Every structure is written in C-alpha cells, then in structure tokens.
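Read through the structures below before going on.
What follows is a pair of complexes built around subunit A, which joins subunit B in one and subunit C in the other.
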Partner chain A sequence: MAIAEVPRFVRADGPDKVTGSGRYAADISLTGQLVAKFRYAGVSHARITRLDISAAAAMPGVFAVITADDVPDVMYSPVVPDRRLFANDVVRFEGELVAAVAAIDAATAQAAVDAIVVEFEALPIVDDLEAAMADGSPLVHEDWESYAVTGDTVQRPNVASFSSIEKGDVEAAMATADHVVTSRYVADACHALPIEPRAVVAQWEGEKVTIWTSSQVPFDARNGVCETLQMPASRVRVVVPHLGGGFGGKCGFHFEAHVAALARATRRPVKLVFSRQEEMVAPDRRREGMVVDITSGVKADGTLVARTGWIAIDNGAYTADAAFFPQLAAMHVAGPYAMAAVKIESSLVYTNHQPSGSVRAPTAPQACWALESHTDELAAVVGMDPVEFRRHNIVDEGVEGAAGQVYGEIGLRRCLDAAVEASAYGDDLPDNEAVGVAVSWWPSFPGPSGAYIKIDSDGSGMIITGAQECGTGSVMTLRMLAAKELGMEPEDFQLVYQDTSAAPYDTGATGSQTLLNNGRAVIEGAREVAAQLRNVAADHLEAAPDDIVLVAGQAHVSGSPDRSVPIAELAAIAAEGEMLIGKGSGTPPQYPTVSAMCVGDQGLAGWAGPQFACHAVHVRLDRETGVVRVLDVSAAHDSGTIVNPIGAHGQVEGGITMGIGQALTEGTQYGEDAKQRNTGLLEYKLQTAADAPTIRTQFIEIPDPNAGPYGAKGLAEAPNVPTAAAIANGVAKLVGAPVRQLPMTAERVWTTSMEVDR
Partner chain B sequence: MSFTIATTVDDALAALADGARPIAGGTDLVVGARHGKAPLPDALVAIDRIEELADVQLDHDGVRVGALVTHADLVTDPVIVGSYTAIADASALVGSPSTRHVGTVGGNVMNGSPAMDTGAPLTVLGARAQLRSAGGSRTVSLDDLWTGPGRTSAAADELLVGLHLPAAQARCGSAYVRLEYRRAMEIAVVGAAAGVTLADDGTIASAAVALAAVAPTILAVVGANDSLVGLTPAVAGPVIAELASDVAAPISDLRASDRYRRHCIGVMAKRAVDAAARRAAGESIAVPVNRSIGIGAA
Partner chain C sequence: MTPSYELDVNGVTYPVTADQGRNLLSVIRDDVGLTGTKEGCDDCECGACMVLLDGQPVNSCSYLAVQAQGRTITTIEGVMQGPEMHALQRNLLEAGGVQCGFCTPGMIMSAKALLERDEHPDLDAVRIGLSGNLCRCTGYAKIVAAVEATAVELNT
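Right after this comes the complex of A and B.
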C-alpha cells in the first residue's frame, strides 16, 4: 500500500545529522551573546518571604537579573491557566523559576544565580494522590477557583481537571456478572528524555525578536511568548534548528519567553543551554504518575459485562497541557473492549511534583498496563486463555466501544492474531520464559495545518511547511507526497520548515499528526502546482491541460509519451511569468460523536482515525534476582495506510524500546521533600542499544476514509502504548502474580515473587 | 589551572610532587567534575602516554598489569583471559565501549568506589598495588589500599604504577558476576568475584570470594576458604550464598534496598563460585560471565 513501489529512504536531514554538520539550537552563537542561567526554587512548596537580587545584579559581568517584577503578570497554560513565568509568591515545585540571570559567561552567570538571596516559609507538601483528594488536604493552589479555566473543564479542590465516561446502568450490569475482579495498579512518573537537552537563543532587532529553540511545537512556543510578554505574533519569530529528539518533552511553551525577556533587558543576544539535570527537573513535561483502580464483571463464558474505574493522575504543580489527560486515561482504562455499562472517573491531581505534560501517548502506556494486566486477571478467573479472552471481548467493525463509538473497518482482531502468530505464544518454552500479550488503541488527532509548494526556475522543488521534524521522519515523508503529485522524485524537493515566519501554521511534532494533517496540506499545495504545470505544458505541447500527465520528471500528453517536455524546462518558462507556487491546508477529518455521558468532556471520547495494536513480548526472568530481559517483541499495528514503510518501522521500534524502559527500568524516585532523586542518566536508567530486543513488526493496512493521506492514520505514539503491558503479562505468568507497580523493577519483581512464595 | 603531559613515570612523579593530580582516561575524574561531585583539580598531569605502564607482563612470580592498561585491553589480553578471567569478566562490563577504551584499571582501583568492577576480582586473585613516588616505591595489599568510599591510603604524591598478580595455579579458575539492570552504561548494584582451585577429586582445594557494593570498600569474605574447602562446587553454592549475605553490610539507595542487596549478593557469590569452579575444571565460559549465564544472558 506504500505509495512508492519500493521502500525508499528519504531522510533529507539524515546526512547532516549523521555526519555532525547539522546545526542544533545549542550550536547557534551570536555576536555579543550572553549566557542565561536560572535560579530555581529548590524546594517543593513554600512561600517566598524574601527575594533579593541586588548582590547578583551588582556583580561584574552580570547584565541582567530578572524576576516576576520584570515581566507582565500573566497567567498562562492552555485550558487551565495556572502559572506565571516566574514565581511571584508561592513556589509549588523544586524546578519553579524564581529569577533568571544573563551574564558574560557561564561561570559568572552561575555565581550570580548563587548570589540571589531567596528565603522561604515552608508550606505543607502535597505529594500523595489520594491524600490530596481527601477533604481538608492542604491546597497546591489556594485560589484555584479564580483561574480562567476554559471549555467544559470540571475542577475540584486539588483537582485541575476531572472527567468521566459513563454509559448504561453499571450496578445492574455488574449484578449480572458471574465474577467480579478488582485490581489496583500504580505507575511512577517517568521522563521523555530527549538526548539533546534543550537550548534557547533569543535576539532582538528593534521591536522584533527571533528565538531559536529546541521545540517540537514552534507555533505553540511563539504563541506562548506572545501571550506572556504581551506581543503580537508579527513581532515574534521562532525558528527550530535540527531537533535532538523530543518524545513530547519539548511540546508546549517553555523557556522561550524567559530568554527573550533577558535579551530585551540586556539589549544583547542571550543563550540558554540546559544541563541534563535541568532537563529532568524544570520543564512542565514528564510522564505522569498514576493510580488506577479497575473493577470488571465477567460472565462465566468470558463476556465482559461492566466496568468501573477510578483514576488519579499526578498533575504536578501546574497543568501544562494535561487537562485532557483524565479523559484519555479513562478511555484507556475502558480500553478497546465492548461492554454494555461503564463508569470511569478520572482526576488530574495537583501535587508539589514537576508538572506533567504530553509525553509520547500521554497516560496511555500506564493505563494500558493497568488495564491489560487486569485483563489477564479476568481471563484467569474464568479459566480462559488470555488471547481467547481478548478475541471474545475486543471491539471490531460495527461493534460499539465502551464510550459508545461504533467502529468502521478496523484491524484490531487482525493485529491480535498477527502478533500472537508471529510470537512464541503457546510454544513449549523453558520454565523461566513466557510470552505476554496486550492490545491497545490510540486516537489520531485531526487539526489545521498548512504548507506552500514551489518549483524554482531550475526545476527543483521546495516544500515550505509549518510542520516540525522531531526525528520521526514524518516531515521527510512529505517529500514523497509532493513528488507523487508532481511526477518528480522525493530527492527533487528541499524543505523549509520549523520557522514560524516562513510557513503557515501547523500543530507541530505532537499527537502523531504530521503526516495526517500536514500531509493533506502538502498534497493540496502540490496539486495546485501540478495544475499550473499542466497549464504551462499544455501551451508548450499544444494540448488541453487535462490531457497532460506528469510522470518521471516529464510532462507528456496522455497517450502520447513522445509529446513530452521535462518539468525543469516548464519551470524555467514559468519562472519568467506566472510562477509555480501552490498552497494547501485542506479540511481536517471530523471527530465522531459518541453516546456515552462525559462529565468534564475534553473532546476525546470519540476518536477519528483510531489506531489499534497488539504486542506479544517474549521475556526471560532471572528468578533469583527478579531481573527481566526482553528477548523479542512481535508487534502488529493498524495505523491505516503506511506511506513510508522505513519510517514506520523505525517508529514502532523506537516506541517499543521506549516502552521497555518504562516497563522495567525508568521511573522517577522522589524523596520525602517531593524532590526528584534520580536526575541523571546513571540513576535514571534508559534502555541502551545493547538491551534492544529483536522486533518483528507487521502493519495491518486498512485505509481509513476519515483520516490522513491515502487513508493513513497516526503512528508515532501508538507503538509506545502496549509494550509495558505485554511485558507485564509475560512476567506475571512467570512470577505467578502481576507486579502492581510500574516500572516493574527487578526488586519489585523479586518482592512480588517472594510474596507469591509465602 | 595547569595541565602537563608526562611521557615517563619520573615526569609524572615530579608533577605529583608539585601538587598535580594524575589523569589517564578521565572517566571518573571528568564525569565526576561535570556532575559536581568534585571540581577538577587545579593542576593535572596526564599520564596516559606513559607507555611503560600500559602493558601486561609476565614476571618471575606472576603477572604485572600496568596501571594504564585499559579495560578494553584486559578483555582481550590472553594472559588475563586465560588465567585471571574474573578481571576480564569485570572489565567487559565497565561502562560502554568508549569508556572501556579510555578507562584504565589503575583509575578504577584508585577511584576507590566500593562498586568498582575490577576490585573484587583483583582481591580474590591476590593482587598487590605497586605505588611509586619521587621518594621511593612500595607495594601494598588492596585491603590496605582501600580505606573507604573514594579513599585510598596512597599519599598525594604516590602514583599507582601497576598491580601484581601472583602466578596462577593449576586447576584454578575465577569469575566475576554482578547484578545489573541493563547491559551497558551500568554500575554494579552488587557484585561478587570468586577464585577457586579444585582438588583432583573435583572438590574445592582453596577459594577466595570478594564482594562489591555491599560495604564501604570491596569486601573480602573472611572465612570463605575455610567454609568451602573440601566441598563440591554444587554444595558450596548455598554455603557461600549464606555467608556472603551474612557478611555484607549494604545500604539502601536509588539502585536497591539493603534487603534486596543482601539477598542478591548471596546469589552473585554463588554464581561466581559456580562459574569459577567450572572454569577451574576446564570448562570454557565466555567472558563476561554476565552475558554467558544468568543475568542478562542473551
């Protein structure tokens, strides 16, 4: 189904990145540039009683020290605007900014940061999700009721956003069950951890500022600067050089305004480069901790009849983009299963932890891990094979899901069959090995997006797009789409991207949406250019424009390949008059409506372009130590049509590897002071290349008419969803019980096995 | 700040006498400074180009391992792999390929981390540290060298020039096993090394066991020999597991609880004795043991 005959490697950014000639934000240095450093709260919850910057500001080589007093008093964040650029009274997590310094060099800037005097009056720490929701808990935001919350968002004390999914009479349905199983699963927070710590460089020219930043969402970054510094979009340009990974950690608006404010105050370019520790503590992006309670009723024949769920999500101190997390988590605790009655309540709970934000498939890996572990418990209680149990209960074409969406042709059943078939499931394995299986789903995110296309006088193409490349290769895939429309090769196109002043809007490298939305825009723009080319060719070849075919770099008359002219020649002609310039945005796919009742609806109970997946993971357990090793992963994904198979395989392999880390080794550890204890790569253990298992990926390609180009859905996040769940089910088979905490560290696995033995 | 490059031991010793600190691979010193553990010293003398300290040499009563021999070299050195295999097991696990290519055994020993990988193997193999200063030289046992976490008994002007290993005996074998959560860029959660000599009847004729990351320094298991001599390796396993867990004094930290460490050090000790005995019996177990059996095996 791929649009090229043979899979092609079309990474325009590949050679620069591999050879080191590519430039990242930290590589940018400007004349007269100063170094920025931040003063962080360093405590998790306290009232500022004294803030004295005078000694720091007086130090030689220090050009500016700014605080809340030096920027507009603006509350920002989408949906729940609950934070400011700098703390102005209360600090609510250790990484909150109190002041920022610009100095001649890093050592001077650090000395000035250290010379800032901040005194605090300690406030009670809120770090337990259930205690935070209890009556009488200290509040993280005393004046939460005054915040200008938008949409249908529902708030409660210490709850930034509450959502529910409710359908049918749960009590009555549960009463018909032969078995009722209740489970609790608890997931630790973890990090996106792009290998490139972020950097921001800001330079003013007159009243305009240009900001180079490592952002996945340049337009969000620009809009954040506009909002917090109260400037029109026309005066702010955000440029992203090559981006060294994101995984969601660089979504949202972060420090662009702070650096711009420093640059304005000093009348010099200012550059901020984060350390690894800062990257792990300061951004309002990390994968949220979660407590999940699930109760399900099943008939003796394995039919799922009802489900209730209670979810508490660690929002951290501020809400970032997380207002939709409760609803999305609820959808994942419902899961891709049919059931007549469901009631899931889900709360985004304020704590004095680092704020949570969209990391690759937010809420989904943890919620899927809880649900799919629970699903194996359900299968066990009715004595069914876990795969058979899933076949019996999953959604399929014409079936209504938990939230009331009725699905068209979807590939979940085929994914389940394909992944299990490709694995060692059911084989006779050594007694320390097992295969665990999990199914999952994930929405596609339709949205507005734009691109320009032009062909220059020499016949070379240019795609000028608002889309952002964060390493997935999706922007690179745009070249394939334009080339196909214009009868050219992907390599004939250069890209101008990641520049808010050059290209029309795009949401950015977030929500698996680049190909889905910007692909549509590029195709539309390319078609406009194709029409222009046909007109020029029609004049040249003395034929009707509709009879002109663009193929293999030539325009020829349909049925007469000999009557042809190179596109480059037409481009030269056009360059003298009506130029070859196209634009596109197109109409985004529509979100379906659903029948469930949703309190605190954030628009995510009905999914356009729903993606489905199954992972079957072969694990080995070292029984004496609890160390789990992933031997191989069989993955099957329905992400609609696969446009760029090489890129798609890379997405799945990366998502699985990230999922293994989340399953086994990656988890934030907190002290009693609510501060993170493992903020370096020695103690926060990512998976390494040496740990990567064999990964076998199959795509179940069912074109989705309400999705992206050629029926493609998103793909970047879905592979990250079911891996931890599948590993958990393999481990549970070997241990004899599920490990109820994520990550399932060796010690937790060993402790669980000790409890089973006892 | 000053930085000088020594090409001879005497150059290096002169610099040390003037207050400089030595740097070879820099895998502890530089990384530690970047993490704020300790600032870089004001004066550094680079010793990585002193060729006379960079080889493994047989001498009349054993083997001398130069302080600048890298982990990558130790993993492939035929003498080390053949007769002092536990050292190769350990060096093969250090950091990443790039760490192993610049990191040296001397740096590992003098960094004095209780979690160092080469420490337990060197201890069970009876290594002694050769220290030199402008004023003279001396040889000390490793037990006397390591005085606490990150601390040694070497004076500031003394340079570790090498480690001396006694001649290997017939029917001897050694192994190092560690608990690790991933297969690269890892540090021992706990580790154990064993050196075993077998009698003709296959029972243990002599044994030494040392433990990593369960005490302020590498911990030689006193009584290991007395407890294991005369036992078959199969019987010896549970015995050393219990003994190792008993003598360990682990802490709780980000990597593990003391309880889990105490359990796992017994498992590691048992596996180390088992692998050492199998090697002593002539079985070939590829380096590192961690990748051949048990944890992390492919």
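Right after this comes the complex of A and C.
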C-alpha cells in the first residue's frame, strides 16, 4: 500500500544542490562579520593553574576574547548536566574549550588564540573502561554526586548512567543449557563524519539574536542557547541553511552559544567555520567505543535458554545525550531473540576521551556486531547452520522478546529469508570468499511535532514545518503527504523549514523520526485545509461539504465529475475571506509496556514501531595481507510501509556503505595521552566509489498500526546496524575464528588468522 | 607585497588581489564570490573542492590561486548550459544521487572531467573516476548510475 504512485521523485532542494546555488552555513557572510576561533585544552586531563588572555585581547584586530568568566555559570546537557560552555577549572578532554576569540580575519584570530597563555597541572588520565570502573580509580568528575541528574538515571563513580535489563531466573535457566558460550568483543570509537564541517554565524539586532548553524536539531540548538546564555526563546532564532549531512554528528547543542556570546561582546556578526580536524576532535558527538561480554546458554537442539551480558560504553569526558546508551546497548546485546531469562548490565563510563553522542543508531552497530558474532559461535557449538540457528530463535508475531515485549506482525523472519535467498549463501564459492549473515533491530522514536499548511491565492501550497532536512529527503517527502490529502501534486508545494521562529516544534533530523512524527503533523494540517477547501467548494458548487472530492487539482461533487472547480480558483475565493490555513501535530504513537525489570530505566526497553533487518554480505579475503573486500550486500528491511522508495533505497545504500567503513577501516586511534591520533581524512579512511559493493535491497512492507503515516516506521538508522556484523561473520568463516576487535582492520584480520594457524 | 592578477572563472575574468599563499578554493569562495565549491577537509582527500583547470579535475584546496593565472577555471556554477541543467545535474537528481548535496558540486566536476576524457566509460572507470570524491550519504550507487546514464545520453 505504498502511497508512491509517483514513479520518480525529484527533491525540492535538488536544483539548488546540483547547481551550486544552495547556501550552506559556511556560505553565509554578513557585512562587518568577524571570524571566530577557539582555544582548546590540547591536553586530556588537567587543572588550569593560569589563564591569561591579556596579550591576545590587546592585539590589533582582536575584538573580543571570552572565557568562562564572560558567560553565565550554567551546567548543561540533557539528563546528566555535567559541562559548561568553557572550562572553568578542570579540562577533561583535548577538545574542551578554554577561550574563544573574535577577530577581523582568520589569521589575526589564530594569532590571538596562540597568544592566550594557559598553564596546567596534569591530572591522571582515565582512558581504560574497566580500570575506570574499578574501586579507587581517579575520577573524571570529582563532583559527580552534586550534578542535577534527572529521571531514573543511576550513577556510580566514573559511571554517568547505568542500566540493566533483567527477566526470569537467569542462573536456573543457564543451568538447563547443554552448552554455555562466553565471548568478549571490543569496538573502537569512530566518527559520524558528515562531509560538511560545521559552521555557525550569529548576528544580534537589539536584544535578539539570529543564529545560522549547521545543526540537525535547530530547536535543541535554540534551547541550548537559551539555557546557557539565560535568554527566553522569544529572543533566539535558529536558522539552518542547507545542511551538509549529519549522521548524528550535528545533533545536540554545540557551538551556537559560543558564537552568539562573541557576537554580543563585539556587537558585530561573528562566523565560525570548523576545520576537518576540529570537526573530529571538538564536538560531543562521536560513535562510542565499547567492551561487550556475552554469555549464552543453548540446548543441544539450538534453543537459546538464557543470556547474561556486561557492557562498558566509553562516554568520554561529558555526557551529551548518551544517558540512554546503556539501555539501548543492552537491548542490542539481548537482540531480536526469544529467551526466557536474561540479565544484562550496561554502564556509560567517563573517560578523558572526546564525548560520545548519538551517531546514526547509537550503540547498535557495535553491539549488534558483538551479538551476531557471538550468535555464529553459538550455532557452531551446537553444529547448526547459522541461518537455521537464527530461524529457530528470532522473535516473531506473538513471541515475547528478551525484555518482555510481545510483538505484533513483524517482518524479521521474512527479512532473514529474503536477504539470504538473494545472496550467494550456501553456494559453492572460492576458498577466499564467504557470505556472512546478521539480523538486527532498531526502535522508532515517537515524539511531538508540528506543522502549518497554507494555500495561497494563486493555488500554490506551502508547508511550514519544524522538521529538519539532513539530506535523507524526509522533509522533501512531506510534500507527497500534503499533496495526497489535498488532491494536488507534490510539486505544488513549497517548504519553509529549519527556522525556529517560523514553525512549530519538531525534534529534528534525529532518531529517524521525521516521517514518523512530522508526517503525522503535516497530514493533520492538510486535512484541516482540505475541510476548509470542501466548505468553499460546497458553496461554489451548491453541494454538501461531505460530498466534495479533492482530486487532480480539482474539487468536484462526488459522483458528478463535471460539477467541478479548480482548487486554484477556490484558493482565490478563500483569499478574500476565510483563508486556507491548517495546523497539525497529532498524537504520537504509544511506547509499549514491558515485563522486564529495568534498573536505570530510560524508557527504551519497549519499542514502538520496531524495525527489523537482515544483511547477507559476500566478502573476499586476501589471506596474505588480511585485507577484506566487500563484493556484494543483500539487504532486507522491515521499516513498515515505504512512502518514498527512491529515498528509502538511498538510506539503505548509504547506511550499508557507512557500516562497511565502520567494519573495516574507521576507528579512532588514541595515544597514551588519550588524544586522537587520526584526525584527518588521510589517516581516517572512508569508503570510496571504487570500494563500494553491489547493494540489493528488499523492503518487507508490513504497515505498523502503532507507527507513522500509512504504517511507516523509521528507516535512516536501521541500515547502519547489521552490516559490520554480517561482514564479521563472513570474515570469521574465512579466518576460522571471529576477529574480536572493531574495526576489523587488515592487521587485526591477519593477526587473528595467524593465531588460528598456530 | 600582495600580488594582483586575473583569474578566468567560468568564462569571466576576475581581477584578484590575494596573498601568494592563498589557495584557489578560498579565492574562488571569498574573492570571486562563488560558494558552490565546498571545503570538506583541506587535505586533498574529500574532493568537495573539485574544480576543472583547463578541463582537468583539481582539488582547489591544495592548489595556489596564483598558479591558476592564464588557465581556464570551471566551477559548479559554470556547468549549467544557459538556463538548462547539464545532463549530469539532471540525471543525478532523477537517479536520487543527491542527498545532503555537499559533495555534489565536486562529484559533478569529477564526473564531467571523466566524461570529457572518456566518452564510453565502463562501470569500473566510472567508479575510479569518482573515487577522489567522498560521499557519506548515498553509498555511491545512485551517483554511479547517474554518470553511466549520462554517458549513454550524451552518446545518443
């Protein structure tokens, strides 16, 4: 029941993007504008003993140098407010801000940054997850117990958030197993890495500030400015020009307040543009490193009976939005499998690394990689084919999952069958090639969202939405929804978006939620306009409003297509009196309740609109070097109804390619000083067009009644989840053992194969 | 002393006064005033800054502006053919090869250079021809398809 009768879909923002006329944040320049540069800590853990900005402030062309003394002393971050705009005593990672400069040009600003004198007293570095959790470890935050933590969040020394999922008597259940397998997997941190480094421009007019920023979440950015600079929302407007990708890296509140504070201090517009290196070091958003221990008990017939798990997640120095990561990681170590008893404990551990934050399906690719590698180990121990083992144990309609949620009609089994069938799994392959299979899941995120719809006197439609276009096309898809309600074409609608002063609230380009939530808002708003149109048409055609049908740009009387009037003509009539203006927000889908006991509950043990996937990946191994090449990916996804097929395929292809990078090459390397060693694209390698495999995608379309428009669930994050896991299972077949570190670099693959040979 | 010289960008001659150390990317964006060419890494690795110099693709972040004197510089703003999009631009849109769009200008410049030196590129030639341009959104499949479709279209 896909609503896309439109065979091809050209994005409304597409012409801007292919002609170079589209403006991104770094493309905006204002008269009198100054350049912002930051002074970073440059060390991972230290107390500031001296900070002297006098020489920098006195330099010609320097308009302001600001520090913690120049902004309100506010601790911010959702759930665990543990950081300030500028360090005021202790610095906890290399990219922490100590001061900010606004100067006449970039060279002067950099010279001023270099002239700032900072002296430190070194503090012990905390960079090992297990050591950080041990009694007596140095603390990253000495005052952690005084932080104004919200919700049911549970904290411990050096643990920002702890969660557990417990169901049944796990010891008793484990005792009934014929085999018990224990595995450890360790994943490195990696980066979201949008190709656009972020930029922020701020300009004050009187007591109001306008901020242009490359944010995925303009309302979060606005609220962060309001909180940290102590201003009402009515005085802060955040506008996002075209956004050059995000992948979670531009979620949250980052540097908007710093630039606004510089602009206020100088009474001039101020512009910040990050270098690639800054983009990789300073934001509190990177994919978290993780240590996963899993123990599972299975019967000889392959039935999974119990699981225990222990997860340590590298939070880095500050908590950003990561308080929910432990619970989400625990769900992914439980996985989409039925089991009677489970106990998984999961901790978000402070270290002196860059802070972690929501990058495309946070915690899931690493946790899925660990779990699905472990699952192939389980299949091997009972002598079952890995695909058969999954068929025997996965959740399905009416089956209770590990946390106690009972599922409705879901497509996981069909995804598994479809992806495997379309792959070379089971075929006779050369001895350096294999197909690995992994299954995965991911929640949809219901939330509040709003939109306005209007039709102008010339009959052209306008959608004014709080939603943010990250590149996925989800905002572009909103035009299809409005057009369908109003009997118009998608091309009849313009979009006003990414402006906090124009539109109602939306969560932003985060959690794959735009279609799910803002789609609902747009449909509701369009229905209000449709009702208004029917009233105008009823007067005009001398019929009852309920008998008016809106189709193909016309309003006509039901059963009498010849009694019709163009919508544009009705719009002209309406413009003289009661105008065509609608609004929508609607009621978000409900989160289901679960039976498991959850310590440190963050509300994510029961999932609305759960998405399911299976990837079957055909890999080739160069045994001499350990280099793995991905030849072919067969993907099957249940994301509910697919509304915009071309956009949906683009999400899967992009997510898989990002997943290949994470599987094979993308990992942050740290020195003993806890500083990143590979902060440029020469040392941190993404997949290129020459590397990209053939990708074949199938959608298992099962409309979900507790999800988005037409039963659509989210999609942008799910394709990123099982790719690394499937690659790992292919590699393990060729090497003879799993590679227990992510990314599975050539060196690690080769080393594992040498250990097997010994 | 800051040198003054002329640059030929998209068929227009621009007088430029810029320090000798300035790269072509910054002069195109800040002095010439064409912002379609993007900066993604300043490392010659991402290709977002790709322009054509006498038809050859060059990472403008790592090329001195003064060296471009006397050469023909083409940026994304010079790809349109009057009011009409180039087939590459149209095919990228129709294939769904554009998501965030930040890599798109550089990708189009590399593809244009490829099709000008090889009218019948096979799949590998297209993939290698685009391998200097990083895209994080699309996984490349729809971009490669758009370039292949353009090659067919331009040859018929």
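Please note the rule applied: the second predicted complex is superposed on the first by the 755 of 758 C-alpha atoms of A that agree within 3 Å, B and C clash if a C-alpha of one lies under 4 Å from a C-alpha of the other, contacts with A are read in each partner's own complex, and residues count from 1 in each chain.
One rule holds in what follows: contacts are C-beta pairs under 8 Å (C-beta built on N, C-alpha and C of every residue); 3 or more make two chains touch, one makes a residue touch a chain.
A quick note: this is a predicted structure, and the numbers were derived from the prediction, not measured.
In the superposed pair of complexes, A:Gly650 makes contact with subunit C only, with no contact to subunit B.
In the superposed model, A:Thr587 lies in contact with neither subunit B nor subunit C.
After overlaying the two complexes on the shared chain, residue contacts for A:Asn678 are found with subunit B alone; subunit C is out of touch. Of the two partner chains placed by superposition, subunit B and subunit C are both touched by A:Ala690. Once the two complexes are laid over each other on the shared chain, residue contacts for A:Ser146 go to neither subunit B nor subunit C.
Once the two complexes are overlaid on the shared chain, A:Thr625 sits against subunit B while remaining clear of subunit C. In the superposition on chain A, A:His242 contacts subunit C only, with no contact to subunit B.
Looking at the shared chain after the overlay, A:Thr31 reaches neither subunit B nor subunit C.
In the superposed pair of complexes, A:Gly471 makes contact with subunit C only, with no contact to subunit B.
In the superposed three-chain model, the partner touching more residues of subunit A is C, compared with the other of subunit B and subunit C. Residue overlap on subunit A between its contacts with subunit B in one complex and with subunit C in the other: 680-682, 687-691. Within the complex formed with subunit A, the residues of subunit B that make contact are 35, 96, 179-187, 254-257, 260, 263-264, 267, 294-297.
In the complex of the two chains, the subunit C residues touching subunit A come out as 29, 34-43, 45-46, 48, 75-77, 79-80, 85, 89-90, 92-94, 96, 98-105, 108, 126-128, 130-144. For subunit A in complex with subunit B, the touching residues are 620, 622, 624-625, 627, 629, 664-665, 669, 677-678, 680-683, 685, 687-691, 745-747, 750-751. By the touch criterion given at the top, residues 8-11, 13-24, 26-27, 193-197, 242-247, 273, 275-276, 470-473, 646-647, 649-650, 653-658, 680-682, 686-692, 695 of subunit A touch subunit C in their complex.
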